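Below, chain A partners chain B and then partners chain C, in two separate complexes.
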Partner chain A sequence: MKRSTDMAVLSLFIFFLLLSFLPIIFMILLSISGGWPWPDILPSSFNARSWKYVLDIHSGTWTSVWTSLKIAFWATFIDLALALPAGNALGRYEFPLKGFLETLLMLPILVPPVVILMGLHRTFISLGITETFFGVVLAHVVPTLPYMIRALTVSFGKLGFEWEEQARVLGAGWLSRLFNVILPFLMPGMIAGSALTILISMSQYIITLMMGGGQVITLTMRMFPYINGGDQVTGAAYAVLFSMIALILLIFMDLSLNRLYREKRL
Partner chain B sequence: MDLRIENVKKQFSSERDFILDIPELEIHKGEFFGLIGESGCGKTTLLKLIAGLLIPDEGSIYLGGEEITGIAAENRGMAMVFQQDRLFPYMNILDNVAFGLKMKGLTKNDRYARSSEFLSAVGLGGFERRYPLELSGGQRQRIAIARALVTNPPLVLIDEPFSALDPNLRREMRDLVLQLHREYGMTTLFVTHDREEGFYLFKRMAVIKKGKITETGIPRVLYESPGNLHTARFLGIENIIAGSLFENRFTSRGSCLTVSTFSERKKDGFLIIRPEVIGLSKSSDVEDENELKGHITGIDYSSGILNLRVETSPDSSFMLTCTALDRELRIGDKVKLFFPAGKLIFLPTEGS
Partner chain C sequence: MGILFFGGIFHGLLQSLGLSPLAGDADLTLENYRILIVSHDFWRSFFLTLRIALISTFLSASLAIFALYSLFLIRIRSNRDKSVYFQRCFQISMLFPYIVAAYMIFLMFVQSGWIARILFNMGFISGMNSFPIITHEPFGWSIILAYVWKTSPFIVLLLYPLILRVEDGWIEAARVLGAGNFPIFREIVFPMMTRPLETASFIVFAYTFGAFEVPFILGVTYPKVLSVYSYQMYSSGDLSGHPMAMAINIMVLFALLIAGAFYSITTGSYFHREDRS
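Right, the complex of A and B next:
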C-alpha cells in the first residue's frame, strides 16, 4: 500500500519535473539547431549561428541587457523609497481604513496590467515622459511595488517597536538603532522584495513597449520579435540568455537571503 | 543611586479613563524595590516613564539628585529587562550581552571580556557563540539579565521577566536575581503581579491599583497589618468582614468578636483576618469568647499546607490555613474556630 503511494508520488514528481524542464531543454536544443523538420524528436543538424549573432557586440544584445538591468535596479530603488514608509505604516501602526488602504495598494496585481496601462499611458503622455527611460522605469514601478510593500510590511511587523525600545535602554541612539536593529530586521524583506521586483521588471514586455514607444530597448523587447515569428532559433537563444541572467540574479539574491537566515538566524 | 518621582502623571489618548498618578515615590540606593499590582494597573507604564521610553504629562523624575525627566532613554544609562527576553535574534549571545558596552564605546576586547564574565555570573559561561533561538526560555532570560547588568547601570528596571517560565525555573531565576543583587548591589526596581514573587524578592514594595500607589512598605508588614482593603485583598487575605466597632467589640451579622482596637463611638468598617491566625480545633461543645463553631465546606491541600473553608453560619464563612501535619480533616467535620484578639485588624470605612 505504502509502496504504491510512494511510486505514485514519485512518478507525479518526475512528471512535473519534466514538465518544467522540457521547455528549457527544448529551448536550448532549438537555439543550437540548424534545422528541425516537424515530426523529428531531435534537430537534424546543429550550429552556433544564433548564439554567434546574439552574443555579438554589434547585435545590440548587451546594450539591451544593460538597459534591462538599469531599469530593474532603478525600479527597485524607487520601490524601496516608496515601500519603506508604506511598509512601516502598514506593519507597525493601526489607523482607520488600514485594511482598505492595504487592498488599494495591492490593486496593481489584482487588476489586469493592460487595463492599468491605458490610464497610465494617457497620464504619461500628458506628463511628456513616454518614450523616455525614466517613463519606463516609472511604469515598471506599478506592477512591482505591491510585492515590495507586502514584503516590507511583514518585515516591519516583525520589527515592531519593542526591539528599538530594547536598544534604546541599552544606550543606542537613532543611528545605532538604524544599523544595529532596524536594518537587520528589514534586510530579509528588502532582499525578497528586490528579487521579485528585478525579475518582474526584467520580464515586462507590453508595459515597456507602450511606455517606451519602441525607443527603450530592453532584452525582452529584442527577444520578442524573433519569438513572435521572425527567427525562432535566435529567439530561443535570447530566451536562454534571459533565463541565465534571471537565474544568476535569483541565485545571488537567494544566497544573500540564506546568509541572513542561516548565519544570522533571522 | 536614589530614584525620586514627584507628581508624575501620565494618561493615554486611547484610554481616557486611566491615569497614572504618582505623587511621590522614592527608591534608595542599592535597594531591591518592587511594584506590585494586577495587570493593567500601570506598573509597566511607570517603569517605562522611569526608563524614558514614555514621557510624563506632568511631574519630575530624579536620579541621584539630578533631574532626568527630559533626558532621552538612550542617555539615561539605566538598564531594563522586559517581559520577553528581547535578545536580538541575529546576534550571537556574546554580541547581545556586549551591546550596551558597544554603545558606550568600549573596545571590542574590553566589552567581550566583561560580557563573558557576566555570562559566567548568570551560569551560562561557554554560550558566547550560540544564538538566542538555540536556547531555552530560561536561558534567554538569564542572558537578558546579564545584558542589563553588564553596563553597571545606576538603576535596573525589571518588568515581570519570569511570568512565562515554569514554576521551578521561576524559583531558580528569583534566586539568581537575588544572588546578583547581593553580589553587585545594583538599585533594582522590579515589577510583578505575583505576590509570592513579591514576598520572596522585595525589601520594600509599592502596591499599585488603577494608576495609584495605595500603600508602600515592607512586604511582611504590609501583609500583617495592611493599611487598606486593596492591600489586604491583593496580598491574599480573603477574610474581610463588614461590620461595626464599638469599644473593643466588632459586630457583624449577629456574631461578635473582641479585637484589640478601641473606639469610643460606634464606627463602621471592616475586620481583616489573615487565614493563618485563626486557630482550629475539633469541636468540643463549649463556645468561649472569640470562638465560633462551624463545619468544613472546602479543603484543598498544597505542599503540606491545608487551605480550609469553614462555614460558621449560613451567610458567613472563613478561609484559614494550617499545616497538614497529623491532621485528618474531611468536608462536613464539625470544628471550632478561635480568633486571637491581638491579630485581628480593624479598618474603618474611609471617611468615617
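Right, the complex of A and C next:
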C-alpha cells in the first residue's frame, strides 16, 4: 500500500513540475512563432522576426540591459556598504533591543516598496534626484537591502570572534586576518546577498518607473509595453531574453560559490 | 537608510493627513480617511486584495508542503542528490520577474491560450468560449495563479534545508518502530517546519497584499487591488489625488500591522527570529 501511494504522490509532483515548466516552453515557442491560429497546439510557422528586432542594436535592448546591470551593480555596492556594518552588529554582538532592531531592518520585506517610495517621491523631487540614474539606484536599495543584511548577519554569526582571535594569537596581522579569515567566512553570504539583490533589482518595474520618471530605461521598462497589451511575440522574446540573463547571472554566482567552497573547504 | 525607509512612511502619513511639506498648507485633517472609510470602492478594493492575498498564501503554502513531502520521499527512497536536483527544478519560476510571470499566466490561461488549446484537442472543451474566463475577471484567479507559481518555490527554498537535516538514523529508527513514510514526515519533519513555514507564509501574505505588478497586468479596471488603486490616484496628473493615495497606503500599512500583530500573537513571538538556526 505504501509503495503505490508514494508513487501517486511522486507522479503528482512530477505533474506539477511539468506544469511549472509549461509556461516557459510556451514562451519560447511563441517567441519564434510566425503564425499560431486557434486551436493548434504548435505554431503553424516559425520565424525569427521578434528575435531580430529584440537583439537589433537599434531597438535599444542592449542599452537597457546595460542600464539594468549598472543599476543592479550600484545597488549591490550600496547594499554591501550598508549591510556589512549592520550584519556585523547583528551577527556578532549582543545589545539591548537587538531583536527589535532586527525586525525593524527586515520590515522592507513586508512593507510594499511602492508605499515607501510614493511617500518619498516628493522629497526626491525637491532633492532633484528623480529621473536620474542615482535616484533609481537609491529606490532599488529599499527592497533589496533586507536580503543583504539577512545574508551577512548569518555569515557574521558563523564567523564569530574565535577564529579571528586564534589568527591573532598565531601572529597574523590585520591584513592577513582580513583576507585569510574574515573574507572567506563572509564571501558566501556576500555572493548570495548580491545574487538576490541583482535579481530583485533587475525585476523592478513600478519603482523604476516612478523614480526614473520614464527617463531611466531598464530591460524591464523596455519590455513592459509589449507585455501589457503590445505585440505578444516580441513580448515573449523579451521575456525569454530576460530569464536567460537572470539564469546566466545565477549560474555564474553559483559556480563562484562552489569554487569558493572547494578552495577554502568551508 | 532608516531615514529613507521611515521618511517615506512618515511623509506619506503627513500628506494623508493634509499636511504637505511642499505646498505649505497645514490643516491637520482626517478628511481623507473619512472619505475612504465611507467609500464603497475602497472597501471593495480592500476585500479583493485581502481575498487574493489569503487564497494565494493558502494555495502556495499547501503546494509547498506537498512539494516538500515529495522531495522528502525522493530523499529517503533514492538519494539526497536526486532530491536536491528536483528541488532546483522546482525553483524555475524564481528566474522570472513578477511582470513576466503575470504575462506567462495570461498567455497560458486566456480563453485562446495554451491550456484551452490543449483541453480542446483532448476533447474536454468544445471551443474557446467554453473555457472559463480566468484572466481579467473581477475575482482575480489569474493573479492568484501567478502568485502561487512564483511564491510556492520561495517557501520550498526556505524550508528545504530542513529536509536535508533529517538524519538517516531517525528514519531508520522510525522504520524499525513500524512507521510508514507519511507518518515519518508528519511526526518528524513537519514539526521542524512549522515555525519557518509560518514566517514564510506571512512574508508571502504581506507581499501579495501590497504587490503592484501582477494585478496591474492581470487585473480589471474595477475593482482594483489597493496598490493599483493608490498608484492610479497618485499618477492621475492631479495633485489632489496625492493625499488620498497616501491615505490608501497608510491603510495598507495599517492592515499589514494588524496582520503582523495577529501573526505575532498566534505564533507567540517576533517574526524572523526563529529561522536563524
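Heads up, the rule we're going with is that the second predicted complex is superposed on the first by the 263 of 266 C-alpha atoms of A that agree within 3 Å, B and C clash if a C-alpha of one lies under 4 Å from a C-alpha of the other, contacts with A are read in each partner's own complex, and residues count from 1 in each chain.
Rule of thumb we're sticking to: a contact is a pair of C-beta atoms (placed from the backbone, for glycine too) under 8 Å apart; a residue touches a chain by one contact, two chains touch by 3 or more.
Note that the structure is predicted; figures quoted are calculated from it, not measured.
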Is the arrangement of chain B and chain C around the shared chain A a clash or a fit after superposition? fit
In the superposed arrangement, does A:Q166 touch chain B (first), chain C (second), both or neither? first
Residues of chain A touched: more by chain B or chain C? C
Which superposed partner A:N180 touches (first chain B, second chain C, both, neither): first
Touch test for A:D56: chain B only (first), chain C only (second), both, or neither? neither
Across all Cα pairs of chain B and chain C, what is the smallest distance in the superposition, given in whole Å? 17
Contact residues common to both interfaces of chain A (with chain B and with chain C): none
Chain C - residues contacting chain A, complex: 1-2, 4-5, 7-13, 15, 20-22, 63, 66-67, 69-71, 73-74, 77, 86, 89-90, 92-100, 102-105, 107-108, 112, 114, 116-118, 120-121, 128, 149, 153, 180-182, 202-203, 206-207, 209-213, 216-217, 227, 230-231, 234, 242, 245-246, 249, 252-253, 256, 260, 270-273, 276
Under the touch definition given earlier, write down the residues of chain A that touch chain B in their complex. 162-163, 165-173, 176, 180-181, 184-185, 260, 264-266
Chain C partner, complex, touching residues on chain A are 2, 5-6, 9-10, 12-13, 16-17, 20-24, 26-27, 30, 38-41, 82, 99-100, 102-104, 106-112, 114-120, 122-123, 126, 138, 141-142, 145, 154, 157, 199, 202-206, 220, 223-224, 227-228, 232, 235-236, 239, 242-243, 246-247, 250
For the chain B and chain A complex, residues of the former touching the latter: 51-53, 72-75, 77-80, 82, 84, 86, 88-91, 99-100, 103-104, 131-133, 147, 151, 157
